[in-house]
C-alpha cells in the first residue's frame, strides 16, 4: 500500500494552469499533488555568443526553489552565492528535454528561457517542471505565431516527464516525497507524445536493479506520460 | 489623473491571504494590485553566532524576485552568483521594520526568517512585502503560542508600509510601476498600528523636494497605513 | 548632556581639505570630528553599457572602510570576496545624492566615479562622505571647465548631509559613535544648498518615533546642512 | 563503419594501471583508447558534518579536466572560480555509482574521496572514470585491510561503466569523441559485476529514441561492462 | 640622470609618522616620496585554526590600494569580488618579512595583523609598506609591553626594504614609478638591521642580468636599508 | 648528510619527456625525482584585451596541483572557488620567467598558455615546472616553425630553474620535500642558458641569511641550471 493510497500506476492529481503571470510570453502553474511549480517562458531576441549567426535559436532552462518550498528551510542559493549541484543538474535536464522537441531552425535566431520555480516541493519537482515547461513553451510559441514571428511549426511533439520507482518491492508511478525517500530505486523518464524516449535517468542509491525491474518502470512511465500528454493537450486546447 | 484612475489617496486593491504554503510556520500571499509577493515565516531553534547566549531572539528577512516577475526578464541572482545592491537594501529594510515591532526577549533564543519572494512586480514590492510579512510573522507567532513555546506577547504592534510620491505635481498614495517610473519623488513609509514611524525613506532622483511636499506625503502614508493595518487585523482575526 | 559636551544643535569640528592626492581630478579629506573620509573623484570617458548613446553622463560612488578604521578590526571586503550589505546601501545612497544635483546632459557622455574611503570612523561616515564628495565632485568639474570640456553649468546646487537622532530623549545634531550606538532613533538627511530634501532615511531600531519627533530632527538637519554648505562654499572658493 | 574501424560491440583498448602515484591509498591510471584518466582514492578519518555519529562512512568523488586534455584548451575551473554544470553532474554520478557497491556501515566513520582527473579526453571520460575509480577504491580498501582497519567485506561487487549510442543508425559500444559528436543518441550505463543496473542515463539531443533502440543499447552495455569487470578483476588480482 | 635628479644611491624623501589613527594598537603613515602608505597593526587574542595550542603567535599582513592611488583609477578589489594576484603576492611577502624578525613564542598565542593601504602610489609600494609596517608593529608591541602582556623581547631586529634596479644601464636605489616602468631589471630587498637578508626578489622582465649586476644592486640595497633602519630607530625612539 | 644521500651539489634524477599528450602544440612530463609535473603549451590566435593591436604576442602560465599530489589530500581549487595565494604567486613567476626568453614581437599577435599541473609533489614543483615549461614552449614554437607561422627566432635562450637552501648548515642544491620543510633558507633561481639571472627569490622564514650564504646558494644554482640546460638541449635535439 502506497502512503497516499494510490494504485501503483496512479498519478497524483495533476493540474496545468496557463497564463498565471502577467508579463511572460508563456506561463504555467503545474501541480503534481502537493508539488507546485511556477513556470514562465521568456522570449528574447538574443542568443548565447557561441550560437550567433548560425540561423538557429536556443531553448534553455533555469530552476530554483523558494527557500521554504521544503519541510525545513533550504538556504537561498542567491545568498549562498552559487547554484548547488542538484540545481545545475536539473536545469540542464529541463533544457535538454525541451530542445529535443523544438525545431531550432524554425525558431530563428531567438532564445526562449524557461524558468521553473518550485513554490512547494513534495517529490518529483523535476518531472513536474518539465511537464509544465512544455505548456509554457507552447504558449510562448503561440504568442509568436499570433504576431507572425514564425511560419512553420516549431514544436515537433509534446514532452512530458514522470518518475517511477520500486517502493516496498513494487514498481510504482509518480513518487511523492514519502515514497521517494524510501524507494530502493528511482528513475525519471522524459518522453514525447508519440511514446519515444528523450531522457532516461535511473539511479539505484541502495540496491542495483535488474533489467526486468527497469522494464517494469519503463512500462509505468509510458502509461503516466501518455496521461500527462492528454492533460497538456487539454490545457493548451 | 492617475494612470490607474485611482484617487490620489486611494490604495490599490489589497489582499492578504494566509496559509498559502504547506510547510511554513506562517505564510501570506500579499497583493497590492498587480504586485504579488509570497511571504513565508520560518521558525528555527538557532541564532546567528553573534547573538548566542544573550537571552534574545532574532527576526531577519530575505527578498528575491522570480526572474520573470518583471516586464523584461531579470537575471536570476543565484545564477549571477550574488544578490544585487537593491535586493540587499530591501531585505535589510524588511528585517529592521519587523524587529521594531517584536519583543526579542519574549521570543527567546530562536530565529524567525521571513522570505519575501516577488511573483509579479508592479511597483511597491518592498512595501507589499513588509505588509504581508507582518501577517506571516503573526501566524508564525500564533503557531508558537498554540504549542506553548512563548508566554507573553511577542508582537508589540502591527507594522505596515506604503509608498507615496509626487506624480505630475500631485502627492499620491501607493504608486504602481507606471507612476513610480515617472514620479519626481518617491518615499516609503513603514509605520506601526498606532501611527508612529519605524522607517522613512524618501528619495528625489530628479528634483529635490520641499518640506511641505514631504509632509503631504507623510499625511497620505498615515492614511494608507491605517487602512493596511485594518486589513491585517481582518486577515489574522 | 551629550558625551562630547556639544550643544544639541552643534556640529562636530568639520574640515574639508581639497587636493589631498596627486592623481585624482578632484579630491577631499573630510573630517567630522574623529570621522575621517578620503574622497576622490575620477573622470572617465566611458559609461555603463546601459547608458551609452543617450547623450547623458553618469555619477556613481563606491564606499569602503580601511580595516582598522573601527574600534575592532573589520574584515577587509576584498579578502571576504564581497561588499557587505551596509557598504552597498551606503554607496548607492551617495551616488543618488550626488546625481540629484548634477545636470547629466550637461556633463556629456562621461562618468565620474566618487570613491569614499573611511580612514577613521566615529559615526556619521555616510553623511561625511556625501558632504566631502560634493567638494571632490566640484573640483573634478572645475578641472573639466579649465580644459573647456564642458560649457554650461553642470552642478545645480550644493549637496550636504548630516545625521540627527534622539539621544536620551533629546533631538541632537550630528551623532558621533557614542551617541549613535545609544540613540533610539537615527535619521540621515541629504539636502541641497537651498534647503530642499534629496534623501531622508529615518530608522527606529528600538522605539518607533512620532511625527513631531521627526519634524524636530528635520529642523536640526536643516540648520546643520546650512552650516555644512557654508563650509563647502568656503572650501571651493 | 565506425571511424576507428571497431566492430559495433568492440571496446577500445582498455588498460587499468594501479599504484601510479606515491601518496594515495589507492590509484589507477585508466585508459579507454585515447581517453586517459588518473584516479586517486584518499582515505580520511573525517566525515561530512551531516553524517557524523551515524556509524556509517561515505564515498564521494571529484572530477576535473586538465585544461589541455581537449582539442581546444578548456578554461581551468579553478581560475574561472567555479566548477561548471557538466563537472558537477559527472562527479555526482561517480560518487553515487561507487556508493552503490560499498557497505558504508562496514567502512566505519571514514570518508574515501575519489579524484578523477582527465589527462586526455577522447569521449567517455565519465565511464572511464567510474571504471578506474572502482580499481582505486578497491586498492584503498585493500590498504585498510592490510592495516586491520576493517573486518568484514566492504566492497559488495564490481562497478564499471560504458557508453553506448546510435551512430549512423547502428547501435555501437564505447563511443569515442568522433562518434559521440555525431551520435543521435548517447547513453551511459553503470552496472555491477553481476549485471545489475546502478545508473542509466540516456539522452537524445537530436532524435528521441524508441524502446527497442534503448534495449539494443542496454544489451551492448551489458556485454561491454562484463568485459570491463574482467579487466578490473585481472588488475586487482 | 634619473628623472627625479637623485644620485644613483639616493633614497627619496622618507618619512615615518606614528600614531596616525585613533584605534589601532600601532600605526604608521610611511612616505617614500610620492608613495604614501597607511599601515596599522591590530592585536587580536585569536589565532588561525591551524596554529592553535602550539604556544606560538602569528603575524600576518593584508595589502590594498585605494582605487585612485594610481594615475588611472584601478578597480576596487572588494567590488571585483577578489584580490588580484599582485595583491596576494605582496601581502604574503610583507607577512613573511615581518615574521622573520619576530619571536613568535615570545608573542604568545595572539595574532598581529598588519594592514597596508596605499593612499598614493609612485613605485615601491611594497618596500614602503614593509618599512612602515615594522614601525607599526614595533608600536603594537610597545603597547603590549606597557600593559605587561609580554615579558621578553619580541622583536629581534629591525626590518626594512628597498627596491633597486638598472635604469639606463646604471644601478640605482629606490625606484619611483617613472624609473620602474622603464627599468630593465627590478629587485626588492628585505633586510634586517644587522644587514642580513630576509627576502630577495629580483626580476628581469626584459633582459636577464649578470651576477655582477645583481651584486651591484645588493650593495645599493644594503646602503639604502641601513639608512631606512636609522630612520625607523629615530621614529620609534 | 642529506636525507636522499645526495652530494650537496647533486640534482635529483631529472627527466624531460616530450609529446606526452595528444592535442597540445607542445608538452613535457618533467620529473625532478618524485616531483612530477605535466606541462602543456597551447597556441591561440587571440590576446588579452590590453595587448591587442600592438604587434606583440604574449606568454602566460597557469599552475595547479592534483588534489592527491601531496602527502595529505589538498582541497581542489576549482571546488574551493578560487586559486590560493601560493598558486597565483607560482603561476605569475612561471609566466615572467618564460617571457624573459621570448621575443614577443617575433611571436606575433598570438598567445601561448603554458599549463603546469603537478601530478606528484616532493618539493621544487615551481622550479621543475619552469624547467619543463621551457621544453613544452620550445616544442610549441617548433610546431609553429614547421607551419611557417614564424620566421625569425622566437626563443632567445634556454630557461631553467632550481632551488637551493641551507640544510643543517650546509648549502645544498635542489631541495626535496624532506629538506625543504627543515631548511633555514630557501631560494629559487631562474636562469638562462648563458648563466644570467632572470629571477631570484630568496626567503628566510626562520633565520635571515648573510651575503656569503646567498652567494654560496647562487654558485650551486649556476651549476644546477647548467646541468638542467644540458638536459633540455638533449630533450629537444
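We call the chains A, B, C, D, E and F, going by the order they appear; numbering starts again at 1 in every chain.
In this text, a contact is a pair of C-beta atoms (placed from the backbone, for glycine too) under 8 Å apart; a residue touches a chain by one contact, two chains touch by 3 or more.
Predicted model, so just to flag it, every value in this text is computed and none were measured.
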Work out which chains are contact partners of both chain A and chain C.
B
Please identify the chain with the largest separation between its CA centroid and the CA centroid of chain F.
B
Using CA atoms for the superposition, what rotation angle relates chain D to chain E, in steps of 5 degrees?
120
Any idea how many Å lie between the Cα centroids of chain C and chain F?
50
For chain B versus chain F, what separation do you get between their C-alpha means, in angstrom?
59
Find the geometric centre of each of chain D and chain F from their Cα atoms only, then give the gap between the two centres in Å, rounded to an integer.
33
Going by the contact rule already set, what residues in chain C reach two or more other chains?
81-82
Could you spell out the chains in ring order, with the walk beginning at chain E and its first step landing on chain F?
E, F, D, A, B, C
Flag every residue of chain B that touches chain C in the complex, lowest number first.
82, 85-86, 88-89, 91-92, 96, 99-100, 157, 187, 191-192, 196-211, 214, 218, 222
Report the residues of chain A in contact with chain B in the complex, numbered from low to high.
21-24, 27, 34, 38, 40, 42, 44, 62, 64, 66-71, 73, 76-83, 87, 113, 115, 117, 119-120, 122
